[in-house]
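The following pair of complexes shares a single chain, chain A, combined with chain B in the former and chain C in the latter.
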Partner chain A sequence: MAFNLIGKDFTPADIEAKVTGQAKYSEDFRAEGMVFAKLYLSPMPHAKVQKIDASEALKMKGVIGVLTADDVPEINAPGSPILTNEPTYVGAPILAVAAVDEATAADALDKIKVKLRPLPFVTDPLESLYPGGPNAIEKGNVAARGVDLQEHKWSAKDFAKAGEGQLPEGKPVEEWAFGDVEKGFKDAKIVLDETFVTATGSHHSMEPRSCMAYWQNGKCYVHGSVQSSSFTFPFLAKALGIKPNELVFISEFCGGGFGSKAAYYPVMAIPAYFSKKINRPVMLRISRAEEYYLGSARAGFQARVKIGFKADGRVCAVDAYVIQANGPTTGFWDYQNLGSAISVVYQPESMRWRGVPVLTNTPPQGAMRGPGENQTAAAMEPIIDKAARQLGLDRLAIRRINAPDNSGTYGGGGKQVPLTSAYLKDALDMGAKAFNWEEKKKLSGTRKGSKVIGVGIGQAFHTAGANGFDGLLRILPNGKLHIHTGVGNLGTYSYAGTARIAAEVLGYNWDNVIIERGDSRKGLPWNLGQFGSNTSFTMARTNYVAAVDAKQKLLEIAAMDLGGSPDDYDLSNEKVVSKSSSSKSMTFAQAAQRAIELGGKFSGKELPEDLNPMTKGSASAVAGSGLVGVAKDNLKKEGVVPALCAGFAMIELDTETGQYEILEYLTVADCGTVIHPTGLGAQLNGAAVMGFGMTSTEHHVYDPKLGIPATRALYQQKPMTYVDVPSDMSWLAVDKADPQSPMGTRGIGEPPLGSAASALACAISDALGGHMFNRIPISSDMIVNAASGRAQSHKPLQVNTQ
Partner chain B sequence: MAAGKGAVERLVSLKVNGQTRRVDVMPNDTLAHVLRYKLGLTGTKIGCDRAECGNCTVMIGEETYYSCSTLVHTVRNREITTVEGIKSENGGLHPVQQAFIDELGPQCGFCTPGQVVTAVAFLKKNPRPTREEARQAMAGNLCRCGAYGNYLNGIMRAAQNSVSMK
Partner chain C sequence: MNRDMMSSFELFQPTTLGDALELLDQYEEKGWVYAGGKDSLDWFKDRVKKPEALIDITGIQELGGIRETAQGLEIGALVTLSALESNALVKQQYPILAQAAGRVASPQIRHAATIGGNISQDTRCWYYRYGLPCYRAGGNTCYADTPEGMNREHCLFEADRCVAVTPSDTAPVLVALDARMVVRNSDGEKTYPAEEFFIGPDVDITRMTVMQPGDILTKIILPKEWAGARSYFEKVADRQTWDFALVNIAMAMVVSGGKVQKVRVACGGVQCTPRRLTGVEDIMTGEALGSDLEEMAGSVASRGAKTLNYNHFKIPLMENLVKRAIRNA
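For the complex of A and B:
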């Protein structure tokens, strides 16, 4: 299909404000009489507050007030409290103090006496599963989405049964299977049994999650940093105990989120509650160190995967068991995604998955770019290489034979569901050609002094689309098209890229399009947020259905005024034109004016019944201003939408220092039709940068004796800098349309992190002759140990290693 | 880190973006804090407040500084340039800003003001850099979106455009 806008680059409307410093993030807003809040954070990993004495602080000049857990709704564990009297991690906010400036607020914190009674705590999930092991919260040690809080322990026998360095396999909390796993393993030529550990790590959004709020004329105004505008709104209103029409939420820019600011999070509620209590606008600046405590984190795994391969490399059976370090709240379902990711990327003929999400007294964990799928990629891909070596197969060939195509399925939950489309084999083929895999692999192991070449291929998956949300747009009497989007602005520009789908349907010149977003007063439809790699599918559909609705109304108005039936007309150059006589036409501007006069459905005064109440409210607020296109996405959706990536890396590793340089890196994306080429390239390369960090340096360390995080600064977790990654990276896209997306587009934000992380892990392993670390990240000292034949300083299942 | 009860507050003059601004500062006020909270120049971002990320980069004279770790008292009467003061000669977008737009440098945009300031200062000193020189010069500015390649494309484009304009 030939498009006017789709597949072409454009300048997003919000980018100029970013280069001039005019873009306002939540910490950039000011309000008359604004005061500053600082948080008192728990110094203990698990404790009970016995007494708070703020009297000395309140006497200080400039101190306005104190907000404690008693001033906000109680949220019981394993929920996420706003402030708490039972902190379950070091850094949990216990109270907030407000003062005329931040320095005074910080001084006031020193004067507040909080008496805490320490409680048992745990940082290693396995320790909590031991008989009599500590529970992270009083009433249990296991909870997750769909898993009620419970106490779950294994027997001493379960632990004793596991072989040296192998994950014990006591009773799981969840499990599923498909196919005949027993037969699958019988069919296998080789079976690998690998235990591995992946560390937790921080999102490191450059913008800490600061928030400012005030009340005015009965409404609460909140400036927050979040990846979704509409999707945050009802949850924030609920957290504040107010009706949606009492909340104004401004979130025009978000300084990075990567999952950690997907939607409402608890500290966002503190300024609003505090402001109500002291009747002053409240700014809560979150510091970088605080961000490490309460800014969410990627969950860690201790896992074991038994995997059977036939002689040709086909995966015939998988038996996966995963323990997740969940933090003290319900966290995220990374551990479930380990199972679904394996089921998609390797399309096993049979598979069993078992998991236990264990609560730990570590920062609350949440989704981080490819939550579960990307830890899985980084751990699994070197295992695929090991199988290739044992079977004498090429590493590309063993991936190709297992990679999903259009007959592929998603097996998460144990029911094999079709993928809407999948071209991972194509991605591998394109990548192998462009990277020149056949020649590059010959360089593997080439030595120059202490330096050795390693090459690797990585693959990753994430689901990439949802449905059932609403689209809203307006054509005004001045002829301009206003597209309303509540999806949020994460910096991927896909809010704009998917808006172009509406403009494409209507044949609009992009210069005549205005995107309304980022402020609940602008009339935002009910949309999902910028997370889960979903925007390029989900928002493509909502914008499409709204545009189709507007198109139908334009045709109807033309037929009404110019005669004939709607079918007699078409859209061309922002006019409705008769198919038989081009002189019979009306401009979109004229049609918009007529829509206002006609009222009813044309101007948004009558709305479809099936819209979400938020969309109805927004559409009603803008009704009468022009021709309104509004609809719920009821398009067909069957199966799971995948985002898939392949990565190809070549490195030069120094066996004496454990350092390496990434000489070349290529990502190939399977994301359906490409909407915005330069935007796609930026996502693929940026995700790769993050993936290299995941494999090499980024991880949390907690002191197991005290439960205190040892990694609370950028220099300790070392996200990648300009000089850590290649200054030129390459990318390609398969660019084949998905049949369930109106213009073929699917999301892609997350898997390019996993494909890079895993390609790098494979290249490191390759440089060391196939050495298996079974651990992410792979630190320099681990590389030196491996290169010199020394034992590693950690035990196979140990967490919190340096 | 106490603000120092009874510490002497001082009215100082700061030359920011070509204007002299009188401002009340505490002895321990950082330049980043004063720019953002006392002079309303919120383009300078605070990403770490401890000289790790470079989001708060400004120029003092011709040199780049992390304004979060620069005490404001130390820069009295110095020429300070923030992102708000970066412009082309005709007052429009600076070639670096335009090139960052053309190369889709910013993603979330939070580190962008710091990237702009560092790049502008670098190109003043080295108008025709190699990509590797630019990469080394930019190494003190973190970008979690990982847009390093796009920013480098922007710097190389700006250098080329400036040369071709002359």
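For the complex of A and C:
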């Protein structure tokens, strides 16, 4: 299909504000009488607050008040409390103090006496599963979204039965299977049995989750840093105990989230509750260290995967068991995604998955860019290489034979569901050609002094789209198209990319399009959040159906005024034009004016019944201002929408120092039709940088005896810098349309992290002659140890190590 | 735990050394010498250190500048790392100092950080920086040296209650180049050889250098003896920038007639002070360069190392760095 806008570069309207510094983020806002809050954080990994004495602090000049857990709704464990009297990790907010400035607030915190009674704590899930082992919270040690809080212990026998360095396999909490796994292993030429550990890590959003709130004329105004505007709204209102129409939420800019600011999070509620208590606007600026404590983290895995291959490399059976270090709250379903990711990327003929999400006294966990799928990619892809070596197969070939195509399925949950479309084989082929895999693989292991070349291929998956949300747009009497989007402004520009779907349907000149977003007063439709790589599918559909609705109304108005039936007309150059006589036409501006006069459905005075209440409210608020296109996405959707990526890396590793240089890196994305090439490139390369960090440096380190983190600053967490990544990073896209997306688009935000992380892990392993680390990240010391033939410092299943 | 907000302090910005020394005497332990601030600000923002008075010495002209003198090259304590990195005299005569300065932290930090601060900075032991009451902080335990301590970055040598290491990239270079540190206080001036300037926990567990309250490091003198010597510097860290060394090495040697006439070599990141590798020097002196010498010297590099839970990788790393230094100097 030839498009006017889709597949072409453009400059989103808010970029200038970002690069000139004019963009206002949460902490840039000020309100009359505003005060600053600071948090008192738990110094202990698990404790009970016995007494709080704030009297000395409250006597200080400039101190306005204190907010404790008793002032906010109680949220029982393993829910995520706003403030707590039972902190379950170091850095959990116990109370907040407000003062005229932050320095006074910080001085006040030093004067507040909080008496804590220490409680047992645990940082290693296996310690908690051992009989008699500590529980992270008082009432249990296992919980997740959809898994009730419970005490779950394995027997000592379960532990004893596991081989040296192997994950014990006690009773799971969840499990699923498809196919005949037993037969699958019988069919296998080789079976690998690998235990591995992946570390927890942080998102490193440039903007910490600062928030400001105040109350005015019965409404609560909140300025927050979130990825998603609409999807945050009802949850924030609920957390504040108010009706949606009593909340004004401003979220125009977000300095990165990577899942950690997917939607409402508890810290966001503190300024609003505090403001209500002290009747002053409250600003809560979150520091970098606080981000590492309470800003959410990627879940860590202790896992074991048995995987059977036929002689041709086809995966015939998988038996996966994963223990998730879940943090002290319900966390995220990374562990489930280990199973689904394996089921998609390797399309096993049979598979069993088992999992236990174990609560730990470490930072609360949330989704982080490819939650579960990307840890899985980084750990699994070197295992695929090991199989290729044992079977004497090419590493591209063994991936190609298993990679999903349009007949591929998604097996998460044990039911094999078709993929809407999949071109991972194409991505591998394109990448192999562009990267020149055939020649590059010959360089593998070549030495120059102490330096050795390693090459690797990585692959990753994430689901990439949902359905059932709403679209809303307006054509005004001045002819301009206003597209309302509640997606959010995470920095991917998919809010703008998907808006172009609507402009494309209506044949609009992009200069005549205005995007309404970032402020609940602007009338935002009910959109899914900007997370889960879904926007480019989900909101392509909502914007499409709203535009189709507007198009139909334009045709109907023309037919009414100019005669004939709607089918006699078409849209051209922002006019409705008769198919038979081009002189018979009306401009969109004229049609918009007529829509206002006609009222009813044309101006949004009458709305479809099936709209979400938020969309209904928003559409009603703008009704009468022009021609309103509004609809729920009722388009057909069957199966699971995938985002898939292949990555190709070549490194030069110095066996004397453990240092390596990534010489070349290429990502190939399978994301359906490309909407915005520059935006896609930024996503792919940016994700690759995060992926390199995941494989080489980024992780939380905890002292297991003290339960305190070693990593609470950027210099300790070590995200990649521009000199750690190749200057020559390139990307390609398969660019084949998904049949269930109106213009063929699918999401892609997450898997390019996993494909880069896994390509690098494979390249490191390759440079070391196929050495298996079975651990992510692979830190410098591990490479030095491996290259010099020494044992590693950590035990195979140890977590939170340096 | 109450991070990222400094406590209040009195700020003084003297423009003469005399005024600065007077202020330091007045405030004694409660005063804090401030130059680039790259060590200080972390402590302040974490509220682990709360000085009463900050004596900002960056306005004292005589502490800046690089000049040639009869003794050698004099480097003012306030010279920034980026100035050092790009100085023609330093690059020509003592290139490893320029290289080491250029590998410290990040470009932004090097623009503000001074050579004086880089060599007198406190250790980066994360337990100590966290604010725990360890030996070095005046307490009675070491949190890093426990059966479960996370001590990948900690020491192999000369542990004495404390297992922290020197974090400086330039310090081992100054030891290898046999530099002199000139320290002033109100009683006068004293010059220390680099090796004596840095002190271990056995001497004083609360300090990393000989400097005491009231002292100001004014300049560093690089002796002519080592100007233009063959030399080598390398830093191994997790990242290519903005990172502390896991291990670094500095070597300077004079080779004549194909044989090593004299050599000095020091490693950072393995001991509380830059560790001079005298065994390596002994083996090298009088010998011809080559792979045999590399192997032999490498084999003694880590002699006497006592490992902790997570740092035994520093043994092969030290050995390899010695070999590389000999190979590439």
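A few notes on this one:
The criterion applied here is as follows: the second predicted complex is superposed on the first by the 802 of 802 C-alpha atoms of A that agree within 3 Å, B and C clash if a C-alpha of one lies under 4 Å from a C-alpha of the other, contacts with A are read in each partner's own complex, and residues count from 1 in each chain.
Basically, contacts are C-beta pairs under 8 Å (C-beta built on N, C-alpha and C of every residue); 3 or more make two chains touch, one makes a residue touch a chain.
Note that the structure is predicted; figures quoted are calculated from it, not measured.
Looking at the shared chain after the overlay, A:788 reaches chain C, while chain B stays out of its contact range.
When both complexes are overlaid on chain A, the residue A:288 reaches chain B and chain C alike. In the superposition on chain A, contact of A:160 is made with neither chain B nor chain C. Contacts of A:43 after superposition on the shared chain: chain C is touched, whereas chain B is not.
By the document's definition of touching, neither partner reaches A:2: not chain B, not chain C. Shared-chain residue A:107: touches chain B and chain C both. By the touch criterion stated above, A:688 is placed in contact with chain B alone, chain C being left untouched. In the overlay built on the shared chain, the residue A:25 is in contact with chain B alone; chain C does not reach it.
Legend: residue contacts after superposition of the two complexes on their common chain; A:723 is shown touching both chain B and chain C. In the superposition on chain A, chain A positions 103, 106-107, 110, 287-288, 713, 715, 720-721, 723 are in contact with chain B in one complex as well as with chain C in the other. On the chain B side of its complex with chain A, the touching residues are 1-3, 26, 28, 36, 40-50, 52-53, 55, 82-84, 86, 93, 97, 100-101, 103-113, 116, 131-132, 135-136, 138-139, 141-150, 152. The part of chain A that touches chain C in the complex is made up of residues 38, 40-43, 90-91, 102-103, 105-107, 109-110, 287-290, 450, 656-659, 696-697, 701-706, 708, 710, 712-713, 715-716, 718, 720-721, 723-724, 779-782, 784-785, 787-788, 790, 793-794, 801-802. For chain A in complex with chain B, the touching residues are 9, 11, 14-25, 27-28, 30, 101, 103-104, 106-107, 110, 203-208, 253-258, 285, 287-288, 490-493, 678-679, 682, 685-690, 713-715, 719-723, 725, 727-729. The residues of chain C lying in touch with chain A in their complex are 1-8, 42, 47, 106, 126-127, 130, 143, 146-153, 234, 236-244, 246, 309-313, 316-317, 320-321, 323-324.
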